[in-house]
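Letters are used for the chains, namely A, B, C and D, taken in the order the chains are written, and counting of residues starts over at 1 for each.
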Amino acid sequence: MTNLAVEFAGIKAKNPVFTASGTCGFGQELNEIFPIDKLGGIMVKGTTLQPRLGNNTPRIAETPSGVINCVGLQNPGLEKVLEGPLPWILQHDLAVLVNISGGEPADYAELARAIDAVPGVAGLEVNISCPNVKAGGMAHGAHPETAAAVMKAVRAVTDLPVVVKLSPNVTDIGEIAKAVEAEGADAVSLVNTFLSMVIDVNRRKPLLGNIMGGLSGPAIRPIAVRMVWQVAHSVKIPIIGMGGISSGEDALQFMMAGANAVAVGAATMVNPLAPVQIIDEMAAWCEKEGVADINEIVGAALPAGVRDCGCI
Amino acid sequence: MTNLAVEFAGIKAKNPVFTASGTCGFGQELNEIFPIDKLGGIMVKGTTLQPRLGNNTPRIAETPSGVINCVGLQNPGLEKVLEGPLPWILQHDLAVLVNISGGEPADYAELARAIDAVPGVAGLEVNISCPNVKAGGMAHGAHPETAAAVMKAVRAVTDLPVVVKLSPNVTDIGEIAKAVEAEGADAVSLVNTFLSMVIDVNRRKPLLGNIMGGLSGPAIRPIAVRMVWQVAHSVKIPIIGMGGISSGEDALQFMMAGANAVAVGAATMVNPLAPVQIIDEMAAWCEKEGVADINEIVGAALPAGVRDCGCI
Amino acid sequence: MAENAIKKLVVTILVIKGIEAISAEVLDIFAVAEGIYEMELAAPTVAAKAKPGQFVMVRPNALGQPFLGRPMGIYDVDQKRGSITILFEVHGKGTTLLAKVQKGDMLPVVAPLGNGFDVPEDLGRALVVGGGIGVAPLYPLLLQLKEQGVYTEVLLGAQTADRLLAMDRLVRLNMPVTVFTDDGSMGTKGYPSQGLAELLKEGGFETVFCCGPMPLMRSVAQICAAADVPCQVSLEERMGCGFGICVGCVVDHKAADGTISKKRVCYDGPVFEGKEVFWND
Amino acid sequence: MAENAIKKLVVTILVIKGIEAISAEVLDIFAVAEGIYEMELAAPTVAAKAKPGQFVMVRPNALGQPFLGRPMGIYDVDQKRGSITILFEVHGKGTTLLAKVQKGDMLPVVAPLGNGFDVPEDLGRALVVGGGIGVAPLYPLLLQLKEQGVYTEVLLGAQTADRLLAMDRLVRLNMPVTVFTDDGSMGTKGYPSQGLAELLKEGGFETVFCCGPMPLMRSVAQICAAADVPCQVSLEERMGCGFGICVGCVVDHKAADGTISKKRVCYDGPVFEGKEVFWND
């Protein structure tokens, strides 16, 4: 039996598979389909200080091997999250990363302070890359300075493991990763969605209610793998890789490119059992290849000297 | 009968469909399958001063709804291009844009000067965004200053229509478009391919001979449409839109987002008749919708005031 | 078969289990009208727990083309055959491909999804209003109403006589069915909503159940609200997942207590109280 | 059929027309060994112009999954039926899907592609060496050699007796066929390349034609070069388009005049002179 347990950035998980924020709510819906504690961890739905109604419909557009969404961080707001959904998911045996999103760095700090007071949270995922919110959101993730400012504000108020979720809509994602690493980020997760749009030709108008949305799914996987590879070269902190992972082989690509763990997103929308099947497929491959510990393959495809850490 | 003829940036074409550079050679292979002059125009294979052998194999990786290539601008070099392939394609009735690529701005200038002396060339496509060449290539396209420097050098030596081919691997493509517009670019074409990679999990190594390559195909279409939309907002010069166009409807999305013409790339690799079928599908849609002149739908999905030029 | 189905159905709708992601064999597929198909899928475990008003997400193949599933109301359940039947109209790429599948093909299915209709124990008189393809989720409801001994009348609309669906099944229920067609080629010319106000005044119906085109559901909901008769509408929206995680298929909703929010059609619905929905479509 | 095919083939290989992109119906598909399939496709216009050594790009469906076509050597041509036949081995996602297609399915095909083998008018004695699936493009060549009255001997290799392909067709050609299997389960134990040097010394063969695994083609090419016998090898590479525009499937090549370049296997080949290929794989 291959050891599938991973530990990175102070986060412990029974296996390296998480579900990506915005594609698993707070775990309650998925738990009606499979026992949620089969997962290594979960990045819960993006939480903001105030409740958000989100954007108007249509919020979903199907694309070749992908899907665009412009939900717009619909969520009940910090107060209600602390009352209901968060305590519920914390009763389960998996690593819970609370995804937080805000307008100003101060908003992130206030969210971080509140979550920090909740026992049992594995860490924070700081979303500086949501393409679907007017203020802040992706703006922070587009430049090293703004990304650093958010990280600095969060670091000042919590000792929880902080994972910064990076935007792929940038020229040099390694530069953003370096900036948040310098401000004390414990890890980075990438990639968030790609800013996209579809024109409804017969109506001669953008199809989505918010004009643009974020593209995810297998379509963008090769770009995401490249970005994980680049970030693995540019920083030393651990990486959670995501972007179109639909099979164990996809997940292994991200880990060999330098990711210590992975997150499954769009695939869960199409097949709710995808995260569990991916865990099984990864385990089966490791058995076949005689891999005793899955941590051995972290960064296995990287040039010698880069991320040797992973290769125990 | 809808008028399909377009004229923009001093370039005249019988219809708005071009074949994208690197997916049509100099037209000779496609002309064995259909009469090349059915096309509105052609962007010929990227030409450099010296011959280039290109990268080692594997040069092709298949991805969900897309394909990655790392050919690396294999071409016989300027001298041989001027002797054979270019004169051949210039005998045909279609708009010929010569795609040029170099290391330094001076290389681009030398190439431009040489092409300028050839009668019958419709214009230049300046490639500042090839992801597969070490020196120059995408580096130029990644920053406004370097992109501007290349455009300035080219503008100084030719009055030919100059179309700058933009890279999608940037934070703000509109900013790059503005920079080349300021230096006298007559038009921009976008998008080039997305820097991507695939890991061969069983070999635990990158699959491609050059490690990374450029992703094209329907997978990236929604990102490309978004970028055309943004560039349509940021500059006044005409746009040639491309990125995963596989049907007439796809092409119309780009034109409604602000493109005056389109280019077909990866689709031609899978179906050599795709460019011709796309022209027919666009014509059929225009007939059905009672569009008298295809130029009417240019920018049709844009907010009022943006690109009204198109909507005659 | 109908009698059988009725008994078994009533038994099983009491036991609800979880959602399943299965590969279901196509047992039968045929056109019932131009561009409208009936498809029977082998899904014993789903058939055993499906509730009237629930739906499935189905894809025409396992190749990921199209990427997303398509929501389809469960039209019929045959526990003996261990099958569920859906009814769908071709109006896009996904349904075009779905219409081309053949007997024996294996289709990815996630089911059963959503909350069904809520039939009060003591319900005495019900009015069921269907339009076009919307009759699909109403048929299992009618079976349940009959089983519970609820007096039920049906108003059924379609564009034309040959697009009037489910009549083959409805006749076996021995319920009063009033037919409407847009062109008058059968029954009354017009929509099931016309004359509804009067019908509610005189009919003494305690609840109205409705599924059909948005304009029909809107007017039925508004007429019921005016007549102060409870009205359960089964909505449709462009869906991502079908089981609540992507929050894509929302509808503007005003709860009884006045709370305004965006509810997920797939998870919080698809059945809503008509007067709690904002009909701004 | 064979006799017919031979006559017609020789007539048509003289008239080469352009490449076609068609939708071809699957007339037949069956396994000839474990994981190896023979598929007949309806393609009259392609059958009418295909040359020995040419190939097709075929996709298992028109859904774009997988995105690219797969190159397959043309194994047989039946002009009476207006069909072409290919032989393929399952080794990836694309071929796995291809093995699952059924009679009647319509597959996107681009054909005929590449340059065939070059058979000199005055050729007297030829040696044809095939390994595994590589025998596919060699069978049409053997028909042509027979028709031209060229004395031809065949060396055919496979991993095991039950993976030895095309024997059903070869026996009808009345040519000397020497069989090799890796495990000795049939014919000589080993590879067709062993003993080749001696055979070339004594056999007086003017040209060798070879298609098979890269290691086999490499050693055959090297032995022929040493013996100074012309050798035409039919290469395979990971292809993008199949007709020359993407420049993806290149091989390092040294022309007779010493020019070194990267040649496109699909368009400049797939048949090359063995000693002009850099065997650095």
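Note that in this section a residue touches a chain if its C-beta (ideal position, glycine included) is under 8 Å from a C-beta of that chain, and two chains touch if they have at least 3 such contacts.
Predicted model only: the values in this text are computed from it and were never measured.
Asker: Which chains are joined by the largest number of contacting C-beta pairs?
Answerer: A-B
Asker: Taking each chain's centre as the mean position of its Cα atoms, how many Å separate chain B from chain C?
Answerer: A distance of 48 Å separates the two centres.
Asker: Nearest whole angstrom, what separates the Cα centre of chain A from the Cα centre of chain C?
Answerer: One centre to the other, that is 36 Å.
Asker: I'd like the Å distance between the centres of chain A and chain B, where a centre is the mean of that chain's Cα atoms.
Answerer: 34
Asker: Can you list the chain C residues in contact with two or more other chains?
Answerer: 64-65
Asker: Show the residues in chain A shared as contacts by 2 or more other chains, in ascending order.
Answerer: Chain A, residues with two or more chain partners: 63-66, 217-218.
Asker: Answer with line, ring, star, complete or other to describe the graph linking chains that touch.
Answerer: Its topology is that of a ring.
Asker: All pairs of touching chains, please: list them by chain label.
Answerer: In this structure, the chains touch in these pairs: A-B, A-C, B-D, C-D.
Asker: Applying the document's contact rule, which stretches of chain B touch chain A when the two form their complex?
Answerer: 61, 63-66, 68, 142-143, 169-172, 194-199, 201, 204-206, 212, 215, 217-223, 225-226, 229, 244, 249, 252-253, 256-257, 285, 297, 300-301
Asker: Chain D touches which residues of chain B in the complex?
Answerer: Going by the criterion above, the answer is residues 22-25, 29-30, 32-33, 45, 53-54, 57-60, 62-67, 69, 71, 74, 217-218, 246, 266, 268-273.
Asker: What part of chain D is in contact with chain B in the complex they form?
Answerer: Interface residues on chain D, with respect to chain B: 18-21, 59, 64-69, 94, 108, 110, 237-241, 243-251, 261-262, 267.
Asker: Spell out the part of chain C that touches chain D in their complex, as residue ranges.
Answerer: Within the complex, chain C contacts chain D at residues 61, 63-65, 97.
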